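Below are two complexes that have chain A in common, paired first with chain B and then with chain C.
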Partner chain A sequence: MIQLILNGLIAGSLAALMAGGLALVYGVLGVFNMALGQMALIGGYCTWWLHQVLHLPLALSIVGGLTIAAFISWIAFEIFINPFYKRHRFLPLVTTIALSMILDGLILLFFEEKPRAIMPGLKHTFEVFGGRISVEQVALISFTVLLMMALAYVLHSTAFGRKIRAVVQHDHAAMSLGIRAPLLHRSIFIMSGVLAGLGGIYLGIDQNLTPVFAFPITIKAYAAIIAGGKGNIWGAIVCAYIIALLEQFVVGVHWFGAFYISAGYQQTVALLFIILFLLFRPQGLFSSKARSA
Partner chain B sequence: MDFYWHIIAIACMTIPHALAYNLVFGKGKILHFGPIGVSLVASYAVVLTAMHSGSFIAATLVGILTVVLLSLFLAWLSLRLDQDAFGVMTIAVHLSLLAVILNWNGLTRGALGIPGVPRFSFLSSVQSFAIAAAVISALFVIALRLIDKSAFGRQLQALAEHEWHAKSLGINRTRAHVIAFLVAGAGALATALLFPQYLTFLHPNDYQYPFLVFFITIVVAGNPGSVYGVLLSTILLTVLKEALRFLPLPSAMMGPIRLILFGVIMLAVVYWRRDTLFPKQRSI
Partner chain C sequence: MILDIIVDQFSCTFQLIRAKWLPIPIKSMKRLLVPLFALGILLSACSPVADDGTGSIKIGYIGPLTGEAASYGKDTLNGAMLAVNEINEAGGINGRMIEIIAEDGRCTGTDAAGAAQKLVNVDKVIAIIGGQCSGETLAAAPIAEAAQVVMISPISSSPDVTVAGDFIFRDYPSDGLKTKAMAGYFKKEGINKIAAITENTDFAIAFRDALKENIGDALVFDEVVEPGTKDYRSLMARLKDEEFDAFFPNGQTPASMAAMMVQLREQGLTQLAISHDVAQDASMFEIAPEAVEGLLAIGVPAVDRDSDFGQKFLAEHGEAQGALFFAAQAYDAARLFADAIAEVGTEGAAIRDYLYAVDSFDGVVGPFGFDDNGDVTGISYVLWKASNGAFTQGEAVPVN
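After this line comes the complex of A and B, so read on.
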């Protein structure tokens, strides 16, 4: 049981990073980025390349990976989002599907289909309440919590955060008060790309990177957003942890003492989670129902 | 010569599915990204029943039942969710169905696929497949042209352009979505009946995400909602896809190059149709 909770916290930290960035983008730009998983993998693969191929120190490789993730996000924004999102908010949904294909192709061309680990070899694990966890995983969970606290501070206690919230509420009104909404849109998208890249680096440190991870990452982040109430960043983060815990319990529990559910079904947990929300609380866990008229 | 028949067969097997999908995504502007998931389940239902019962009639009936149930489920989701959330949800449905197919080894043989798919007795050569698929495609073109020109076609278009106004005029959104998804399911079933038989092999890799991108590109490039436009784009893009085999590149590079190429084509056609792909609400 403790082991399942620890595993859920590890997987949840990764999902929370993705979902947090994505919820911010959805809240500010109204855009669903379908290439999120691929952007995460790009961050992870570039860090792997810098660390394992160029033999740069890990910290420098991570900074390099995040810089490349930011650069790719900026390019993606200029080509796949900016020409479209003001015309119709559904257009980027289609263009980011194209982006996901292109990034998939590039990942396969440059990094191949082989599993790649940023830190291969045995991890140093220790026991916590009967469950085992590695030093890297503790660092991963702690860093996510610190990052979320920093994000909360920025959003709620700084001028930049107030500008973001003003743009979320009414971007035209915010612009009339001198806030440069287009610049903010760009910054938020790049920030989301960096968070996704960081998630990819987590994945590469904790497990192996393979191209097949991309879409499950994206879908889980969306499940968290839908369950948390679209655009509600804290709701999305909490739901990312809930989904990750559920995934661990579904495949880790010996059901009725008779059978285990195959790990291959893990990604369907997020889907079932959304369906349950649609049935009982379509507006999400942390949002009130909108007036329809 | 066989290669030309092969191109005709592949294009004509794609046409029913592409045209029917065009009714939902192109005409109805419903962000349905799960057509490949429907085709996947329909193919497995048909092939498994045919192999276990030995009867193509039973296989077709099971295929129809599967497609109807899945289409009704997708229609329900489309009525229950916002458009963009529905788009993401349908991708999740596709991936989940794929996960079930890949993991239910006892029934589907998982990633090994199912070899030795039986064929209808009249389908023995590439030519016979091409002719049968062409006849079915022609029927679909006629049927979808009739739907396009019918009251239902106009209702679906009205809902796509301004849902509230359409509903205030008495158009039943639930009925429109259910019919559109059932038609899309019929297209998926037509392809599911022929394609695995043509290859005599059913493999989950033929129903992966890149095929969805191919379908979206077909609809967007062919002018969303236009039957003849989508017919033409299906033929041209299928020829392009098959012609890529002749590029002098190592086989390991072909897959990624194809992904990148179709991604770029999709971006280009969306850019080209960015003002008409989704209807704009008049602000004044």
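After this line comes the complex of A and C, so read on.
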């Protein structure tokens, strides 16, 4: 039981990083970014390259990887999002699919098809309450939680956060009050790229990176933001953890002491649950009433 | 006459569309059919034209050039290219050069079927080296069979390939045999309880089914996961409560197998782990050096690095991405085709009959022939053990 919760925390933290950034972008810009998984992989692969090929220290490699992720996000915003998203909110859906394919190609070109691990080898595991977890995983989980708390602080207790929330509620009204919405949009998109990049680094440290992994993590992030309520960053983060826990419990629990659900259905059952849930609460788990207009 | 050609074009174009666009509804298919039909006539792509005896001899290649399994593709294509370059430098076959046309099968049936259609109908290849993943071979087989194009798969091992068709050969032994060898090894070592995690791909599922046939109830833990899964932790948590002697990571790619091994060992499970040739991939040690330590694998004997082939391959392509024997298998397949074409010409049925008659071809993987199903004969199995960052060859593992 404890093990399943720990597993859920490990998988959930990864999903939360991805979903948090996605929810921000969706909430503020109203844009669906389909290249999220690829942006995560770019961050992860660049960190791998800096750490394993150039042999830079891990901390420096992570900073480098995130810088590259931020840079790529910025370029992506200027070319694939900025010219389109004001015209129609579904246009970026198509342009980011194109972006995802381009990034897929670039990843294959630069990093080859081999699986890559940022920190190869066994991690240092220890037992807590009968469950096993590694030092690295504890570090990753606590870092994610700290980051989310920092995000909460920025959103709710700083001028920048107030501006974001103002733009979420009504961007034209916010602009008339002197908030520079376009600049804000740009920084939000880059921020989501950095969060996704962190997700990629998380994946590269905890498991390994392969070029085809982008799509599944994108889908999971979408499930989380939809279940969490449109554009609600907290809902998205909480739901990312809930989905991860569900996936663990679906397969890990001996149901009614009689049978196990086959691991092949792990993702299906979790997503099915989301669908059922939305049938009864279509506005999502934590929808806010402020933006119903 | 004209009508014949049109009918032929139509059915062939239709086949092409069916293979490529099956998921689209019939109604929109009809709409697509008209322009494609016209295009088909324009290109006259489908009518079978016999090789005219001039120009280069085209041999197709299907394998995963991108995606998770791309290391198989890189090595086998390099192996085949090495053979072809050698033959061309020596003057080709009766003065005609061999040309390899490589298509990406991405380790999936749909892509391989599309690749086979293109090779057979557009490029009109004489023969095909491929597919590599069993799923590729099985999907490409009916298309090659219908067009009477001989296919030799270098590394597909699924038992289903045995009955894939009259024109379908492979120079790598079937997992039907390997699972027997594995079952024999379990018995000999007193391993009575096996826990397996299987990736849901043609190859891995067929291997698991064949193993199940041989060991039955000894498979105490048997879970199938979606292809590309990286998080096996919930299953490992269950394994902690399970009593088993050996863990069998049955993955399609080194990436998933390495993840299984890492997560198994992180749970403190120290049982023996034994797998098949997918494990014998250099990247396993790059991702998970400690977790892979001690892993056993049942596979074919090594290809000598110091052999003529080994030296040439290393000089031309450097270290193999996956394993040298992948390249050797494809190298042998290409040389076998060259022998056949030199002997009996470029007609599919003649090449097929030539291959069935091969008794002992002197391949770099050892002498081999083919049985009535086009399965390889003469290749044996050995036990491999991972230690200090490499697999070392151990005892022979007999099939019976």
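In this section, the second predicted complex is superposed on the first by the 269 of 293 C-alpha atoms of A that agree within 3 Å, B and C clash if a C-alpha of one lies under 4 Å from a C-alpha of the other, contacts with A are read in each partner's own complex, and residues count from 1 in each chain.
In this section, a contact is a pair of C-beta atoms (placed from the backbone, for glycine too) under 8 Å apart; a residue touches a chain by one contact, two chains touch by 3 or more.
Computed from a predicted structure; not experimentally measured.
Overlay on chain A: chain B and chain C clash in the combined arrangement.
In the superposition on chain A, A:Ala223 contacts chain B only, with no contact to chain C.
When the two structures are aligned on the shared chain, A:Ala98 is found in touch with chain B, with no touch to chain C. Legend: residue contacts after superposition of the two complexes on their common chain; A:Arg180 is shown touching neither chain B nor chain C. Contacts of A:Phe80 after superposition on the shared chain: chain B is touched, whereas chain C is not.
In the superposition on chain A, contact is made by A:Asn208 with chain C only, not with chain B. Residue contacts after overlaying the shared chain place A:Ser262 against chain B and chain C alike. In the superposition on chain A, A:His170 makes contact with neither chain B nor chain C. Look at A:His156: by the touch rule set out above, it reaches neither chain B nor chain C.
Once the two complexes are overlaid on the shared chain, A:Ser134 sits against chain C while remaining clear of chain B. Shared interface residues of chain A (contacting chain B in one complex, chain C in the other): 108, 216, 262, 264, 267. Taken together, the chain B residues at the contact with chain A in this complex read 31, 33, 77, 80-85, 87-89, 91-93, 95-96, 99-100, 102-103, 209-210, 212-213, 216, 220, 253, 255-260, 262-264, 266-267, 270-271, 274-275, 277-278, 280.
For chain A in complex with chain B, the residues that touch the partner chain are 32, 34, 79-80, 83-84, 87-91, 93-95, 97-102, 104-106, 108-109, 215-216, 219, 222-223, 226, 230, 262, 264-265, 267-268, 270-271, 274, 278, 282. Residues of chain A that touch chain C in their complex: 3-4, 7, 10-11, 108, 112-117, 120-123, 125, 131-132, 134, 203, 207-208, 210-213, 216, 247-252, 260, 262-264, 266-267.
Remark: chain C residues 66-71, 74, 197, 200, 223-226, 228-231, 233-235, 237-238, 240, 253-255, 258-259, 262, 265-268, 283, 286-291, 321 touch chain A in the complex.
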